[in-house]
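The data blocks that follow each hold one structure.
One chain, subunit A, links the two complexes that follow: it is found with subunit B in the first and with subunit C in the second.
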Partner chain A sequence: MLKDPASIVNRWFPVARSEEVITRHVVQTQLLGQEIAVWRDDAGRVNAWENRCPHRGVRLSIGFNTGTELRCQYHGWRYATGSGQCTFIPAHPTQKPSTSIHTNVYGSMEQYGFVWVHLGPQTPALPTLPTLPTLPTPATAATLQATTLRSLFVEAPTSAVAQALLRGYRFAADPADDAGSPSEGSLSDGSMGEDSMGGASVVAHDQFMLATADSNGRSAAVTFLLQPMTESQTVIHGIAHAMSPAVEARGETVAVAVTERAAKRLALLRHHHSQMTALRDAVERALLAPTPHRVEPSTP
Partner chain B sequence: MIKLYNYELSGNCYKVRLILDALRIPYERIDLDFYPGYEHKSPWFLCINPLGQLPVIDDGGFILRDSQAILVYLSSKYDPSGVWYPRDDAEALGRIAMWLGFAENLTATAATARLHDTMFYDVDIEKCRAGAHALLRILDEHLWFAEQEGHDWLCSRDHPTIADIACFPYVMLSEEGGVSRLPYPAIRRWTDRLKRIPHFTLMPGVFGASPPQASPA
Partner chain C sequence: MLENSHIESVLWDDWHVVAELARLTRFRRFVTTLLGVSVTLELDPTGNVSARRGGETIASVQIKYGFVWMCLGSPTRDIVEFAECLEPDRLLATAGSVRVAVSGLRAVENFLDLSHLAFVHAGYLGEEPHTEIKQYTVRPLAEGGIIATGCKVYQPKASPIATEGYDVDYIYAVLRPYIVVLFKANPVELSRKDMIALFVQPISEESCVAHAFTCYLKHGIDPAAVRSFQQFIFGQDRPILENQLPKRLPLGVGTEVPVRADGSSAAYRRWLSDAGIRFGAIPVT
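Presenting the complex of A and B:
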């Protein structure tokens, strides 16, 4: 998946769920081995900078997000949102900092509920979400009920995580079907039983992986996006798409419908979290296990 | 006045300082030379705490050791609002006790890794770090789903409890023991929130949070 370094650098990758990049906060993350400080100014604009103060190299992520600038924890140098230009050096309060002093700014944007970053100098095209198969017209996340899942950190190379997802991410089209069914053990053997966990089919599409499941007359899909943090660490980002029409409130009060929707959303998040966690644990266990001896098949 | 047998660089002493400050309780510090002097193992201190551990408080002759026990005592006695330790809420007390136990596990792993790296304790460092990561994973997951349900704190919605105070220091100091918190964004948001509680105080290695946004008038 990630073979040519040049083509990797010139790609967009998701690095954080948008709603987790809150104001007056600095998110610390990593992409292709490069540490990044991601922060949102008070006007809503997102910045993604190399996590390193140009002055003494201290991590900017331990600094302060003042709403318009990032202030380094060490000597208080301040850097402006957008340009990364140094605006103030406390030890030289009357001098205007040279224009040559600025943070290393990466290209960033927000789409599909995530903050995306590219490390290279050229701005690549953003990958398009795969068309969801059972819908009559090409659909985007915006036209569907999309829920961004909890992003999951995995102690494994991106290629291993991608293989595991393609081999068998299983989930129920309706999380309510999941009650009491085991989430463990269904991944490693790859069996696709006729249980509530509709044997999902997973296909790769550009940088996305699309998993679909059908069960009990309902269908659902989830798109996965992988963030290669380092050569041995990956974050799985996911968007769940409900493809069946949402159950309408049956004449209840609005408050009941809202409560019900919130409960359904939470059930959906928990269901995918438990399936993704099982997958994560299986991938990590497989990496820890000693390489098995090859046993020659005894059958002719 | 309450006396606190203290070491500035101890996360367990920091917990006690945090709750004393949050509850606006004046106290007197008795600073021990933990490292390199090992004064907490000296004969005079072993008379106060035979376990040879910090912190210990002396509240008018009532002597109490164990940071978690001290949090329970101080919040029970000196917080009339009952928000830090809700005495009448059995479920809350159960959950708080659970997270106090979790804090002990952080001491056994993340804090021990820090003793290895900063004060040269002879321990199985890889085991300590792996144990710390296993706990931080659980903590991050718990806090993420708590946020989804509108809860800002470990076991409460709007106001932190002593459970948050108990878990905070060795999470915040984990990187001094070689335990990166980069994979734990929900923990990062929770520590930022805790740093913004009224009368929050810092210790060496713990930096303040970004200034909060002024709320519209």
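Presenting the complex of A and C:
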């Protein structure tokens, strides 16, 4: 999958969930083998920089997020949000740093609850962000509620993860109905996708984006976004769209509806997490399994 | 003399520290690595240290400054000498050996570095807002290496016996590619200098053991305090060093951006490059 980096470098990849890029924090992540420091300034703007101070190569992810600048731990050099321009070198406090000193800034944006990064050249004609195939249409938007799933790290190439998802990721349209017995039972035989609660097969949108919907008329849907960290490591990000209990509230008080919504959200997260954990275990186990080698008949 | 297929003679035929003598216990073997070569040290009941690689005996082994030194090839020069060590009112002490997952050349460069003191060792060897690095002089040493003189740093607690902050005069010298020493004014006898040396043992190109050796003026100093102070300070450097990318030291221009305060680092890299050092470095292409 990473054999032709030139062709895949020129696209957007999710590198972190927006909710984990919190105030005054720096997130360390990786895309196509490149370490990235992701941080949010106090105005809410997200930066994605090569995780390396241009001065001596120390990881910027161990630096300080001051709210407007990132300060390197080693010598206190500061870099401005947005441009990555070095603004202050404490060893020479009265001199303005040369404009040639700046971090390596990648294109970044936030959409669908994720931070997206573009490693290619920062030309004006950036590729457009892919449209999520399961995003609710205006007609269904009122009834479907988006929930960001917990991202899962898998020690396997992105191609292997995509294949496993395609082979049959199954989920329940309404796991809250089955909250008492999560689906471990159906996975105990080690196979994936034999979920008694039914489901639908996964359709690949492209090699890094896969979508699925449940069989009964798209009352629930999941989109997976794959982040190729390195040639052998992948993060599965996911967004679930499920029926919003709010619209089903049948005259109960608002408080009851809110409680029910929270319970359903939790059940949904648990359900998908157990499914994805099983999928990860199966993928990693398959890679660890010894490859059978052919025994040549010995010639006397 | 061991067979050497690829490591430059300037390192292979020189002396390196491989262990603090106190680490060796009688009748027990100590296994370590030098320049990628696994070696086994043994202390016999008479106090002699012998070394082997596999079944081969390594002839060039010496004990000096409380450390075991080794040359894998045929030594072309002696172990570094320090005149200060001969002065009677000095306390010579080993001050800890720290394994660091980075090239030993990065560790030497960090030891030379003035402008990190106010950040990495804040409250001890430097402090904001005293971050400015004033002009200092760097020149080559006749016998190889570089020396930086006229370095001044404000230090809140410059030594184990310092009680208040003051501007400290420093001299730094790189004597061998993996050996660096500093001299700093003693807090009591301002005209004399305490000495701290770092003997870096290159394990692989991307890992090392930094062996610290101190030669302080005796008054008020006890070895345990020296060790404790140096290990505390080095414990602050280690996480920084282990977060440097790449792990080897780039010698060409362009990968990393120096400023005037980095004069000694720039001179060190140039000298390494001119001396043909490749082990632990990313040479100029």
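By definition in this document, the second predicted complex is superposed on the first by the 225 of 300 C-alpha atoms of A that agree within 3 Å, B and C clash if a C-alpha of one lies under 4 Å from a C-alpha of the other, contacts with A are read in each partner's own complex, and residues count from 1 in each chain.
One rule holds in what follows: a contact is a pair of C-beta atoms (placed from the backbone, for glycine too) under 8 Å apart; a residue touches a chain by one contact, two chains touch by 3 or more.
Nothing here was measured: the structure is a model prediction, and the numbers come from that model.
In the superposed model, A:62 makes contact with both subunit B and subunit C. In the superposition on chain A, contact is made by A:73 with both subunit B and subunit C.
With both structures placed on the common chain, the touch criterion links A:101 to subunit C but leaves subunit B unconnected. Of the two partner chains, neither subunit B nor subunit C is touched by A:120. By the touch criterion defined above, A:20 reaches subunit B but does not reach subunit C. Once the two complexes are overlaid on the shared chain, A:92 sits against subunit C while remaining clear of subunit B.
More residues of subunit A lie in contact with B than with the other chain of the pair subunit B and subunit C. Of the two partner chains, subunit B is the only one that A:270 touches; subunit C does not reach it.
In the superposition on chain A, A:52 makes contact with subunit C only, not with subunit B.
According to the touch criterion, the shared surface of subunit A, contacted by subunit B in one complex and subunit C in the other, consists of residues 35, 62, 73. Listing the residues of subunit A that touch subunit C in their complex gives 35, 51-52, 54-59, 62, 73-76, 89-94, 100-101. Taken in their complex, subunit C has these residues touching subunit A: 114-116, 118-120, 128-129, 131-133, 239-240, 243-246, 250, 255-261. Contacts from subunit A toward subunit B in the complex involve residues 16, 20, 22-30, 35, 42, 62, 64-67, 73, 150-151, 153, 229, 233, 266, 269-270, 273. Those residues of subunit B whose C-beta lies close enough to touch subunit A in the complex are 137, 141, 144-145, 148-149, 181-186, 188-189, 192, 207-213.
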